[in-house]
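Note that the chains are named A, B, C and D in the order they appear, and that numbering of residues resets to 1 at the start of each chain.
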Amino acid sequence: MNPEQILFILFGAVSLIGAIAVISFRHPIYSALSLIVTFFAQAGLFILLGAHFVAAVQVIVYAGAIMVLFLFVIMLLNLGTLSAKGAISGKLKGFAVILGILLAIEGVYIAVKAPNDPADASAETAIESVSTTTYNIGELLFNEYLLPFEVTSLILLAALIGVIVLVKRESQEES
Amino acid sequence: MSKELIVVLLVAPLVGFLINGLFGKWLKGNEKLSGWIGALAVLVSLVCSIIAFTSLNSGAAPLDETLYGWITGEGFAFNIGFRVDALTAVMLLVITGVGFLIHVYSIGYMHGDEGYTRYFAYLNLFVFAMLILVLGNNYLMMFVGWEGVGLCSYLLIGFWYEKQSATDAGKKAFIVNRIGDFGFLLGMFTLFAAFGTLDFTTIFDAAEAGNFQQVFGASTLVIATLLLFVGAIGKSAQIPLYVWLPDAMEGPTPVSALIHAATMVTAGVYMIARSAVLYNIAHTGEIVAWIGVLTAFFAATIALTQNDIKRILAYSTVSQLGYMFVGVGVGAYASGIFHLVTHAFFKGLMFLTAGSVMHAMANELDMRKMGGLKSKMPITHWTFLVGALAIAGFPFLSGFWSKDEILHSAWGGSPLIYGIGLITAFLTAFYMFRLIFVTFYGESRVEPEVASHLHESPSVMWVPLVLLAIPSALIGLLLGWGGHESWFHHFTKAVAGFSSEAHGEASGNVILFMVISSVVGLAGIAFAWTRYSKRVPSDEPTGALHRLLANKYYVDEVYNALIVQPVKNGSHFLLWQLVDNGIIDGIVNGVAALIRFVGGLLRRLQTGLVQVYIVSMVLGIVLFLAYYLFFT
Amino acid sequence: MALEYYLVLSALLFTTGVIGVLIRRNAIIIFMCIELMLNAANLAFVAISRSLGEASGQVFVIFVMAVAAAEVAIGLAIIVSVFKHRQTINVDEVNSLKG
Amino acid sequence: MENFPLFLIISSAVKILIIVHMLLIGVMIMIWAERRVSGWMQDRLGPNRVGPQGLLQPVADGLKFMFKEDLIPNHVDKPLYVLAPAMLLVPALVVVAVVPFGSSIELFGETINLQIADINIGILYILAITSLGVYGVVLGAWASNNKYSLLGGLRSSAQMISYELTLGLAIIGVLMLTSSLSLRTIAIEQGAYPWQWNFLIHFPAFLAFTTAMFAETNRLPFDLAEAEQELVAGYHTEYSSMKFAMFFMAEYMNMIVGSAVVVTLFLGGWHFFGLENVGGPVWSGLISFGIFFVKTAIFLFVFIWVRWTLPRFRYDQLMNFGWKFLLPVALTSIVVTGALWITTGSRLVVGIGNVIAAFIVVSIVAGLLVMNKTPEPAIRDDDSQITPSALDAIE
């Protein structure tokens, strides 16, 4: 057991437990908190993978912005604990869980049986070169992926306008 | 003369239409502006027409240019293109000149109407369509204009759509025209089958060279020209399709003047003159002439007994159109077009004066309730008198010249046509002056409350009257002096097919013909004087002939019994109750019932619960993955 | 650490998200589960990126995050609107599309 | 690093111990300083009974907090209520890990950087960790199950998100010229003399960053989350004893770390006219640490100064200021810095261009605001003023 394995197990376990907690907690606030924990653990995994920049962005964007928005909305709407009874029958729920387990089996199967890449052998050595990737990411982002990058900025702009339109008050005169 | 000029000429009314049509709501508060925009648009066209005309007159070559390809396909091409020669130039002047005056007149006449801007939009659109009709250099363009004017005519006849009679008249005009248009279309198809194109120049050249596909054997051109003539019959209200024109008087009077007297109804005449080459080769002119003269005669006889001013004028129009067809039929194309021009002025004038009278009489049209209007409306009276004298063939007024030329040419074609034409001329003079005497002279029979505000029309209305009266009186003298040697003949000589006047060669003494015509016309006036200067037409028709005429030969009733009722019954019992209700509805409802049944079963899947949908989605993914992972 | 471990973890996280979407009724939690799925994908991206020794995968992760941020903003706005209208964000109570 | 990095571990542990303790002591000193400075500004004495010049007053307060009954009200959500203060305090503590507080010392033949961890994404780490501080506030507010607390929490989250943008964007100009995310590199890249420091090159960004930093620490004039006059005490209304003390400490810790970051990024770090190079490898390191310490202290004084000078923003003013002034200024700073740096490559031009551009942008925004100005509502009493405007921003 080298340190990386220990950390992987630690972070992986935390993220998985967090994920299960997200879907298990009754109260949305706890779900949100669990999700934050999961995100943190994932950031840890990213660092293990040498993707420091992505890890930082993960925390800044997900933990720092997105989840705050979630919390904000949950508090705003004052969503309390939800009653269990609803239109979704237990049968459907059971079916859904079985489906999910099947899907998990398939996913694991894909992951394990994935054709081992010839580059995999060099992967261990590649770690070092990739670990300083902020520069690499920047270079890729502004050269090869410049167009997607600009498109993404447009998506964000569109989202911005969309949100304003969605939640804007109908009339400004009332205030 | 350049392409750009023609484009401006054509587009100006379109712009007017768009402004009035699209921004009518905003212009509503300011109807003067709306009216003047319409008039101005036509004025622009008028100026362009004058420029085009003078340049042609000073010897410029006719323009025949293609702007761009409209529909291009394997082996054929339809283009947007213009042809401006003497014939077109004359038509342009008539359309925009009379059109402009009528626009101006309408500004006063339509004052206060609910649909003021709509009216001007339609009127501009009409001018635009009419310009396309005369400017096109192929039959397809002509057809576009042809249908366009038909549409505008329909819209304007039914302009007061709250009135049942107006909408009925509009529908009638549309349906009757459709029959004619169908003929026109078939004619176009025939021409296209024979020549592979619809361009005037190509067709005329090929026809003269005999270089075309004999789709109907030797009679190809005969069939084509006769089919085209069916279109002309419909549009120009000839026997047997004239019935729509008198009813079309339901529209506003300036519309009657512009569309149903001066311009649109002459489209048939124009079309035949344009196709002169074909008619010359096919020798179908005689049929045209006979239809024309019979129409002239019948319409004149009907006009004898009518009491409604506008109806008299309408029948008179039909009758005069007959004359024009006589002219083009016997090959005297220039004369026919000449009569078209003079007629446009004096008939337009008379309609406008009738409108003026209506305006003063609170929309009263029955002349038995008028009388003695001369003193109350002097300008109207005098201008009307000029028009009536012109149409009656009073010496040296415009109608005298043009009608005389046609009669003269008809003599060369067939003395019998000439004879009937002469009788018609007598009848024309008679019914016109019957109208004048009953309306303007004698005792006033106006109802008291109407009489109290009897007045001359405003200047915006009477100025156009005067402006029309002058050419009505003089244009014949100016253009027609010298008979077949006149300026007009000279000007239009270059138009394709005009020069070879096969039948219409002048024969006999010109002066003698003139004298005969004048005497006949004067006799008609005199006869009217003896009959109606003191008397009012009786309400009840006396005698069989009178009744026959008063009821317009029962043509409407005959049509109704022979065509309308069978079609209605057939539609009702066979098409509607059996085919539609029984078979088609049965199929449709059967299919609907089936779908409803199946849908009812499928409906249960549509729970409205997002998660049920997602579950099915995930199920699909799981199955797909399973298939690809474990079974391939 | 071999690639497979990360991929397996990614698959498990993804599946957890899917199950969450399927069984929870609260729109916000469903939304969180979608974020969870996106993150699982991100993890796979980064792992494979390392395995291949190039940074493209990380660039994609950046894109995914940007789009996720946009999506969250819009989605939450919609949820707030729905809540204003219907006083609930339970997806099984918002079933106007029921056939 | 083939061998077990014993020395690294030991030295790191020592550094962590020193820094954390300095932070904690710093908090105590700051509490004392704030009260004394405010007293001095308001022409009164402030605490002066416990110890010399009242220096032991914070110790006394601390003791009081510790021995006070740890009250947990009945109506709160217990787990979160307990967790919240820690969630605020921990980020404040760990963020200091990447701040370089001096050059380096040579001991036992090894070079020791005066920094706990020089990670290559240091500045991102700071942004990431500081953005977490909001959870402590928000969750504490929500867990308190009290409407004043909740309002405070909501305000705080909206404010944090708004000003975090500026915080992040304002430093990009610096990063562009330094080509590094490492705080140490950034500090070294700035020369020894004040005119080489970043605050002159990126003056508008410096102002924007500092302002946003003030907002992130929830201090006046940005303390809407705990505005006493409106919300009793905002998010920590329901807290008492040690839990309250943790909130309290976190605020001051944030101040200290924030000052240190500003000093590192904009004020030349430990540089001061070459003084940091005087002496041997040990002494120069200690002197640089001293310089850094003094700079941070001066900046902390500015914090206190501002707090007792400016009145609190109204909620809409806060949002307007953040979105309509700071954000445009930060954005302009990025564009102008990038453009001028590429075209001219001169720091002087970049510095001047930044100031001019910021001036223009602020003028334009101000002009637009004046033009679109709706008549200012008459002064209303506090209560009616806060609740609707807070909800405004929410909805």
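For the reader, a short list of remarks on this structure follows.
Going forward, contacts are C-beta pairs under 8 Å (C-beta built on N, C-alpha and C of every residue); 3 or more make two chains touch, one makes a residue touch a chain.
Bear in mind that the values here come from a model prediction, so they are computed numbers and not experimental data.
In terms of the stated touch criterion, the partners common to chain C and chain D are A, listed by label. Taking the mean of all protein C-alpha atoms as the reference point, the chain centroid lying nearest to it belongs to C. In whole angstrom, the spacing between the mean C-alpha positions of chain B and chain D is 87.
Taking each chain's centre as the average of its CA atoms, chain A and chain D sit 28 Å apart.
Per-chain CA centroids place chain B at a distance of 71 Å from chain C.
One inter-chain figure worth recording: chain A and chain B are separated by 76 Å, centre to centre, where each centre is the mean of the chain's CA atoms.
Residues of chain D in contact with two or more other chains: 395. The set of chain A residues touching two or more other chains comprises 53, 57, 65, 69, 76, 87-88, 96, 99-100, 103, 110, 167.
Of all residues in chain B, those touching 2 or more other chains are 609, 611, 615, 618, listed in ascending order. The set of touching chain pairs reads A-B, A-C, A-D, B-C, using the touch definition from the header. Of all residues in chain D, only 77, 80, 119-121, 124-125, 127-129, 131-132, 134-135, 138-139, 142, 150, 153-154, 157-158, 160-161, 164, 168, 181, 388, 392, 394-395 touch chain A in the complex they form.
Those residues of chain C that touch chain A in the shared complex are 1-20, 22-26, 28-29, 31-33, 35-36, 39, 42-43, 46-47, 49-56, 58-59, 61-63, 65-74, 76-81, 83, 89-90, 92-93, 95. Those residues of chain B that touch chain A in the complex are listed here as 609, 611-612, 615, 618-619, 621-622, 625-626, 629. Listing the residues of chain A that touch chain D in their complex gives 29, 33, 36, 52-53, 55-57, 59-60, 63-65, 68-69, 71-72, 75-76, 132, 134, 167, 169, 175. Only residues 18, 21-23, 25, 91-92, 94-99 of chain C touch chain B when the two sit together in their complex.
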